[in-house]
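You will see chain A twice below: alongside chain B first, and alongside chain C after that.
What follows is the complex of A and B.
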């Protein structure tokens, strides 16, 4: 196998893209709920875990086809997201930001416990969607699963742009995010929009879990680890800005891969985090966040 | 009216006092009951990480000791006395481990303690057991637990030494004439300890570490690290980790079409890791306790009969794969029941017995001495390989 300057560089970029897309998907989940409620949902990582575990059960346990299992797992976690909102967020009488955040932490512990009881403590794995024979591009190799990840992220981004800009519901959600009182006065049911935001972000979390499980395996305790990087990416991209999350995610992923490849893998995370810190020093509201909007938020 | 109210208050106060007294008596009765009820039984403490992040270690250990205790008691106990296990959960947490040891010693008067499961919790529990002069037999692997041996007179361990796994790998590399090693390790405690040993012991075996890379437990792709190793001219890769992420390395190597041999640590000894790596795992080599490949072990091997029995009993009772970690607990109960049978339940006698104990266990052939409180060396490991998705003993 030849290796040279450009081939190596391309290999690092592929690696960075794969990592970045996963970060971006998790970060988008954080953002949707944040825009609708101003709350960071700490159970986001658990959505990812549930999606992955459900997918494993349906494909290897029940032998369903990947497409079918994909849809059912996503639907399953979406329903859990809706239930979470209806049972724990919606009934709160005075929904202050701090109170809601603590509720999400409680739900994350609960979901983790339930996942442990249902799926046990070991890690679960499944096959790659379409084999693990790599494609060779200019000497560098890329796994089909990585292409799936990039492709699915692309589809989701397009679907989001369409949903938020061209549909009435999407526009209503944006209106709620910008100014909830004004949106209420215009006849939008803000509580329903909050529910929808939980449904959407649970769905996206599930998709993230489903596509990474063939690569990293999944166990009940993975949520915190997956959620943490995604949260960092969401902050750098500007909380509430989904496009920012995608760009920041890929940026962080590629930076990590390049620093791992050219400097040292011991400092891979450190270098990426250092750059994130610098970004936040220069632009405290994130790369694409608006500082005016963030001043209006409680958190 | 006033009088009536006052009387009601008095009655309430008397009731409260009565209640308190009742509760106190209740508590007293039960605590003394636990202290004196089973004085004709042997009390042994067990502390494992049954829940929490290290539960994959503690759960098989708890299952194993419960299974063994039941078996011993059903066949009449030890010298006619029942073996009573007091099992505590550390949740993998140091504070809980210390509290559990104190509780076992003070409240249950145990004569010896088996566990904890993790090296960290063991380090926390060791000073307590040492000060109380109660033998503590850890199921964790860190060699630092037994050093310095003068201050660890009451501490023993059953898990194989990490450094012996390194010796086993380097021995094999020397035999194959491979010298340039690319090391890649996980950034967990297990990975870091392995990395230290791999680097420190390389000169002894004439090895040259040409690359030294790491990855985090949550990483999804290690091609950057592997490209660096490839460019360093390494003849062999040693991947040392205990988390599922280690299964990505063989897959990434296959993706990069790297042909050099891959060695894993004994942290790979979980069949799920091999299944997750699929075809890419075929042919990789790792040192592990023989329990992981009982079926392919020659039947004349001294450990065979014992391990085959444990494996079939455990797997039929719990519908789960047998593991090295449960094996440590198995060895612990065997060691302790042997001690109880020979010398009774005096902690000092038990300590002296273990210091001179020799027995065949699942972890290897133990040979304790006052200087060596582990009793195992590199022969406790067998080099295994992956063949058709199963662990098999590597043909020499």
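What follows is the complex of A and C.
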């Protein structure tokens, strides 16, 4: 295959898109819980890993169809998210943000340990959703799985917009995030909304893990880096801003891939963190966050 | 209808409410007046369980509601309009009203919710004109009307109003108080009104309490409080000398 300048560039863009969509999904998971509680959930990366590993077990171990395994894995992780909130977050007597964050770190270590015991330390492979023969566009190749990833991110974003803007439950979740007291006075049970936020972000994390597993091969320790990148993206996009997360995710993914291609693939992970640092220096509220709101937040 | 017996409340170590007792009868408009930091807002927040009560009891229709959660109280018919127009700024006026009717929607469905919103539009016609606007872009008076409409969406028997006149032009204050009186006529709404603007509050109230550093110091008919020398001096802005001349 000829590898001209433009073809290379296009190839890097495709690669960046694929990574970026995953970062965006992880970041959206961070944002949901952050909006509802002001807490950064450090177990977000573990949700991603659990989703991926569960998917591997269901498809290769039990031979379930992709669609069915997809649904069960997502449901499984969603339930773990609910359990996490009910067992570790809800019972806290004086839930300060710092205390809750430390709890999420503990849960992340616990989940990672359990995943290691169940799935072992090795990498797990899974076949692509619909074949692994790449399409060729202008000399550059794009995997069908990448198209799945982009499509699923699109579906989730649309579902999000509909849920948070048109349904009563979504609106009341936003209301809780905007003004907790006023939401309580409207008769909204804020604790249930917190539980719902954990359920949603666990589900979204699981989806991210499921769709990325065929490409990166999942293992129990992947969560840390995925979580870190996702967190960086959430900050770059403006914490709590889900549309910002999508744009920032794709931006960071593409920049990473470009720097990997043109500079050195050794520095790829460093690039994401460099971007995070730059944004924190120049615009601490994130590219799309409002600086006015960030002054009122605890971070 | 509402009865507070020896209620105590704290902000960290500061003792805010000290054995505070008061009651509101059905259909009454009762006002609680006092200076900044006297504990007016804390009293309301304690009633609606946004602020923890330590010691003392609160009864609503003879039921002990001291430690019930806020959303339970809303369900029982206690709605509060919080201080400082706490509406959902980044949402539209209509969304705000819908959220105010959250419980109506959960129990009676969409139709009842719509009917409720239409009633609010009749009560505050300006809200209908503004329904697609973001709540944060409304004027102060409109925001206060929206805050009250949201509380009314929960179909309360008892309305707790926290400083509705704060920062508003006298004409708008008048308009808001007119609506409150109208609601009492129409649906027998009971109101506990917290105010710094003592003269306006006492004009529409039946009865009043004066609170000072967390204690009720005077309780009387509103008309009597308007004539009370101490109240005149401290809260109605009459000069001592003028009164004595």
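In this section, the second predicted complex is superposed on the first by the 289 of 299 C-alpha atoms of A that agree within 3 Å, B and C clash if a C-alpha of one lies under 4 Å from a C-alpha of the other, contacts with A are read in each partner's own complex, and residues count from 1 in each chain.
FYI, a residue touches a chain if its C-beta (ideal position, glycine included) is under 8 Å from a C-beta of that chain, and two chains touch if they have at least 3 such contacts.
Only a predicted model underlies this, so the values are computations on that prediction, with no experimental measurement involved.
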Which superposed partner A:269 touches (first chain B, second chain C, both, neither): first
Chain B versus chain C as contact partner of A:188, first or second or both or neither: second
Which superposed partner A:179 touches (first chain B, second chain C, both, neither): second
Partner chain in contact with A:171 - chain B first, chain C second, else both or neither: second
Residues on chain A engaged by chain C in the complex (per definition of touch): 168, 171-172, 174-175, 178-179, 181-189
Chain A to chain B touching residues, read off their complex: 1, 3, 8, 11-12, 14-15, 18-19, 22, 121-125, 127, 132, 134, 141, 143, 146, 212, 215-217, 219, 221-222, 225-226, 229, 257-258, 260-261, 264-266, 268-269
Residues on chain B engaged by chain A in the complex (per definition of touch): 53, 55-56, 59, 213-225, 227-228, 230-231, 244-245, 247-248, 251, 254-258, 272, 275-276, 278-280
Residue ranges of chain C in contact with chain A within the complex: 48, 50, 69-71, 74-75, 79-80, 82, 86-91, 95, 98-100, 102-103, 105-106, 150-151, 153-154
